[in-house]
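Per-chain numbering from 1; labels A, B, C, D and E assigned in written order.
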Amino acid sequence: MDNVLQLLLPNVSQVMDEFYLSIIQTLQMVFVSGLISFILSLVIGILLVSTRKGDILANSFVFNVFDKLINLFRSIPFIILIAALIPITRLISGTAVGVQGTLFPLIVGITPFFSRQIESALSEVDDGLIESGIAMGLSPFQIILSVYLKEGISSIVRVTTITVISLIGLTAIVGVVGGGGIGDFAIRYGYQQNQLDATYVSIIVLLIFVSIVQILGTFISKRTTH
Amino acid sequence: MDNVLQLLLPNVSQVMDEFYLSIIQTLQMVFVSGLISFILSLVIGILLVSTRKGDILANSFVFNVFDKLINLFRSIPFIILIAALIPITRLISGTAVGVQGTLFPLIVGITPFFSRQIESALSEVDDGLIESGIAMGLSPFQIILSVYLKEGISSIVRVTTITVISLIGLTAIVGVVGGGGIGDFAIRYGYQQNQLDATYVSIIVLLIFVSIVQILGTFISKRTTH
Amino acid sequence: SASSGTDSKIKEVKVGVVGNSDDPIWEQVNKNLKKENIQVKLVKFTDGIIANQSQDNKELDLTAFQHYAFLNQEKKQKGYKFTVIAQSYIVPLNVYSKKIKNLKQIKSGDKIAIPNNVTNAGRALKVLESAGLIKLDPSKGYSPAVKDITENKKNVKIVEVDPAKIPSLLPDFAAGITNSNFIIDNKMNPVTDSIYRIKPDLDDPNNKPWINVIVARTADKNNKTYKKVVDAYHTASVANKIKKLYNGVYVPAFKY
Amino acid sequence: MSASEIIRTEHVVKTFIVDKKVQPVLKDVSLSIEKGEIFGIIGYSGAGKSTLVRCFNGIEKPTEGDIFFEGQNIVGLKSYELRAIRRKIGMIFQQFNLMPSRTVFGNIALPLKHSGLSKQQIDKRITELLELVDLPDKRNAYPSQLSGGQKQRVAIARALVNQPKILLCDEATSALDPKTTKSILHLLKKLNKELGLTIVVITHEMSVVKEICQKVSVLDKGKIIERGDVYSVFSNPQQELTQSFIETTSALGSVKTLIETQSPVVQLQPGQLLLKISYTTSSVSEPLISYISRTFHVDANIVFGDIQILSGNPLGGLVVILSGQESAIDRALEYVKQRYVAVEVLNHG
Amino acid sequence: MSASEIIRTEHVVKTFIVDKKVQPVLKDVSLSIEKGEIFGIIGYSGAGKSTLVRCFNGIEKPTEGDIFFEGQNIVGLKSYELRAIRRKIGMIFQQFNLMPSRTVFGNIALPLKHSGLSKQQIDKRITELLELVDLPDKRNAYPSQLSGGQKQRVAIARALVNQPKILLCDEATSALDPKTTKSILHLLKKLNKELGLTIVVITHEMSVVKEICQKVSVLDKGKIIERGDVYSVFSNPQQELTQSFIETTSALGSVKTLIETQSPVVQLQPGQLLLKISYTTSSVSEPLISYISRTFHVDANIVFGDIQILSGNPLGGLVVILSGQESAIDRALEYVKQRYVAVEVLNHG
């Protein structure tokens, strides 16, 4: 078994521990930052949709603040964002390096994008349904919960799938602060040292992650469409 | 005037030509690769939606090929993709460096993501409308054109807005092949050389781009919603 | 290739560089080249691997960003036929800290940041070895990796991060090692702010791998135009630019 | 304002901008609906009926004018105040607006979100309602799995679940077969009687108006052109539009087509007369046909008949062929004309 | 198969899976529709009517059974063959299915995509149709700017634009006021007469069936329980369901409620009789009331009347209060019973 491994993966087999670790790091980064960002993005996406002109909480000030903030954050190249955030990251996570140090920049990096995706998903909810919620005398909060989120769920799942996969891609970049992860592994061994086996094996692992997310997403999206 | 510039931008004012050039490079990259990728993604997105189970061109083979290919390409970290594509880029663009050399990797980098976004947008089109197209005896091609695209247009505009902004972000990474662009300018001067004025001024330019795209997108999306 | 420009008067030489820090040096070189009707055009990369690949594909004439160590690694891995046609300068790689005054204060389990690209990581490890913190597998030569550490008495944890960000990340580490240009860009002094340094002595064979070089494809190593570029580089004016530019931290690696 | 008034609109104007042109849809609509009333609104397609009732609960904002709910002007009300009012109003939308992601049960349960009822209570109430709209077996189906009429019944149940004070029905039975319609109307009537539920009914089915409404208003191009209690409007419509509406629903209307197409049914022998006799209040208690047959020795052959009881009074008429001696017919006609307001000689033999 | 047959279904079964349970919706439906016929399908909400017509053009695939269009089995047909057939079929969906991103004009123009007509021709045709459905001023409006009835009229125009051979109407007038309904039905009748357009009408409005259908089938829980030409089904319904459908649409039905609620209208004096007399073929040509009034010296007071002409024959009946001497009443009743099939004594005084 070990021999086969060495034959197939002459380079990676030298650093198996690091390889395993990087898989765990990616999982940690994607899970934690994905989950937190999902919650934040839901809130922001809901704010964007419900405060836009003519909607249940129409408030052009709040809308504009979030709209512009998202544009601002999406304008900052991710690598610069990571650098700029270092002091805040240290404040929040205790350290700006390692997996722990990547979480905050990942969240800040993906949330604006994710919020836009959620906004887009919620925009698909039929006006007639919102209207009927209003006519029932539901409060804005209840409309958000019982109409926007409930009726938008399959779109939300779809955009979440797309976003989580983008997040996996983003984890490859946070290698700059020593976050590790499988993407960083691929870059350091595969790309920088031209170790083909490292490239392939990393892409295979990433492909497995991506496929799982996609299959899960498609499954849930189908289950929530009636 | 020049004095004010030197005062405000001590570093950038030294390389104004390069700064201007980088703006133009970004515009070139975004325009050309965005346009080509838009067309490709429309085609792929349509293929995904129309060949899925139960749809007008249901064909699980074609669907699976594209679905899996997209996952594969989305699994490859962008920098590795760029490197891997260099020989093909040269074949197609004549060169693998400079703006011309960035176009192909940008297209390959953004199209899988863009296709998923288009797929997601088209999935929002009401089944009843497709059904009524079928009942009229429209051909699959006509249904795609006259129902999916026409009725999905405002969603398509929304996801295109999100994607173009992501594309602007991606152009910062293709600096590795000497593509230049404002994102690369920010990384080289702002990030690597810690020149704050370069960072700020780049982000402002990017913010202007992003805002224009966003405003345009919102405007068109509103105009196409009835 | 060289002098392929349609303008018969001025020959353009495309030189691949990484980052902008050398811009003033090449400005001076171009000044020196004016009378020869040669002009260097810089092609800027953010990544040396792609730059080498481009040169191999004849999209660049010369490159000037790497040291011997990186070049040799690339040649070995990719089979490039490259030849060094000139040395440029050497940049010291020193140890910095926001927490301790010298390396003796390193405690067990402390974290040390080193660059996350292979060659500079190897060089940084060598620095740590010379400081007596660790011992490395001698068979790995000048480019060892973290896994080649054979002895680590203080049990320090080595973390690879982007060298450009090591200055900002110093508070997260007991110490960090990075290229001097990044230190300068962060308004620090590579000499006075470092807690451990290796003298950039050109005669010390241990420093040889870290000398930056100008590289041509082996087939073009005798190209006359390139020679002229090298001649224009190896001048007092350029040497002065190098010294002035980096407060004497960079040391020209040629005779003038 | 009377104390028993529940909704009043004052000079309500609503305009839409279509294709950059201003389109007036409601023009100075003032009306008042009493508590416990069943109030019908009829009018052509596009007259503005839906827009008007949508103003009642404030989901459409009038361009001008005021709308009072229990004496409180809802125009310009704070949204939480408006919400409190809306909870007292049940609404059945013309397009149903069911939530596609919720089952039938979930759809009906939705308005109970703020009711504070326990799970058991909610369950019980919905089970009852499903029984009433005859959909107990569709409890767990999704709207996409329902037929048109089933969707409409879910919408009805949803509007009632909250025990509203007033129910706005926008074509609430338009997709239902006559039997289901009848049972729904029966239910509404019962709620009206037993709980004093006020009901506003928009409908194009005159039979629905006749069946349950007490008052009716006729909306034409955004204006109320006729209003009153159902019997007087139906027995004595003033406006041409109202007349033609009522006529199209009565079998008597088709006699004209038959005359035009020279149907054998209305073919007259020489001396015969084709008469249309409209019944009004209390005239039904007289055996008219019997009387003239005996008294004037004429034969009255009933070709068309449409007589119903509306609010306890007869409404409608007969189309008869009168035959007999010429003088007899003349006298009979004279007699009928004296007794009945509306006698019309449609044709001579 | 007859040469003039356009649609035939043979043993069509359709089941849906709801909540993991198999739900049979159509159970062995076999029917045949002739060219040039106006064919009505009626039944309770949820009976399977929409599902059945959706099978006719193949947008719903039957679980079992065959469907023939002009003799060709469309089950298992290649999609391009099916398309060619669908272009000959116009369909009005119960939920309209208008394209929200297209104007009224754009919606109606959509089926012409493959027609090869010139811009001018298309324009002309649509202008005509807009005229016919009375929406010329809504040409550039979007569906969201239309009222319910206006949407339905657009759907009607869209189904007709392609000059189909057969038109499937799923509740095509359910959202229309009586006058508009009448004009649409008039239009359909005209197309049927002049162009031989075959029309399949699903409706719950019995007046629509009476007005335009020649044949009618009654669907109950996925089975056809009664079929025939309209007059015979309406004058002599065999199944209870059909009877109750017809009854609910007739004024005569409400007499029972009045008796139950002891309305003064049907309050009888001692000796009086409350009679329901149903008319059947040709009986209308007799002046029944006149005859018995004179011959037996009884008074017949008409309380309810509902007599119409269906396919040239009278249909309906009267509810009368018969008064006079007991023996006279007996003899009158005897006479009426002899002449008329359906006489029912509803009440005695």
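Of note:
The rule is short, and it goes like this: a residue touches a chain if its C-beta (ideal position, glycine included) is under 8 Å from a C-beta of that chain, and two chains touch if they have at least 3 such contacts.
Keep in mind it's a predicted model, so treat the numbers as computed, not measured.
Common partners of subunit C and subunit D, by the touch rule above, are A.
Relative to subunit D, the most remote chain by averaged C-alpha coordinates is C. Subunit A and subunit B have centres, each the mean of its CA atoms, that are 18 Å apart.
Note on chain placement: the centre of subunit B and the centre of subunit D lie 56 Å apart, centres being C-alpha means.
Centre-to-centre spacing of subunit C and subunit E amounts to 89 Å, using the average Cα coordinate of each chain. Within subunit C, the positions touching two or more other chains are listed as 49, 164.
Residue positions of subunit A touching 2 or more other chains, listed in rising order: 83, 191. For subunit D, the set of residues touching two or more other chains reads 95, 145. Looking at which chains touch one another, you get A-B, A-C, A-D, B-C, B-E, D-E.
Residue ranges of subunit C in contact with subunit B, taken from their complex: 16, 19-21, 23, 43-47, 49-51, 53-54, 57, 59-60, 164, 167, 181-182, 185-187. Against subunit B, the residues of subunit A that register as touching in their complex are 67-68, 71-72, 74-80, 83-84, 113, 116-117, 120, 123-124, 155, 158-159, 161-162, 165-166, 168-169, 172, 183, 186-187, 190-191, 199, 202-203, 206-207, 209-211, 214. Subunit C makes touch with subunit A in their complex at residues 49, 73, 77-78, 111, 113, 116-118, 147, 159-162, 164-165, 168-169, 171-173.
Of all residues in subunit A, those touching subunit D in their complex are 128-129, 131-140, 142, 146-147, 150-151, 153-154, 224, 226. Those residues of subunit D lying in contact with subunit A across their complex are 57, 59, 79-80, 83-89, 91, 93, 95, 97, 99-102, 110-111, 113-114, 142-145, 162.
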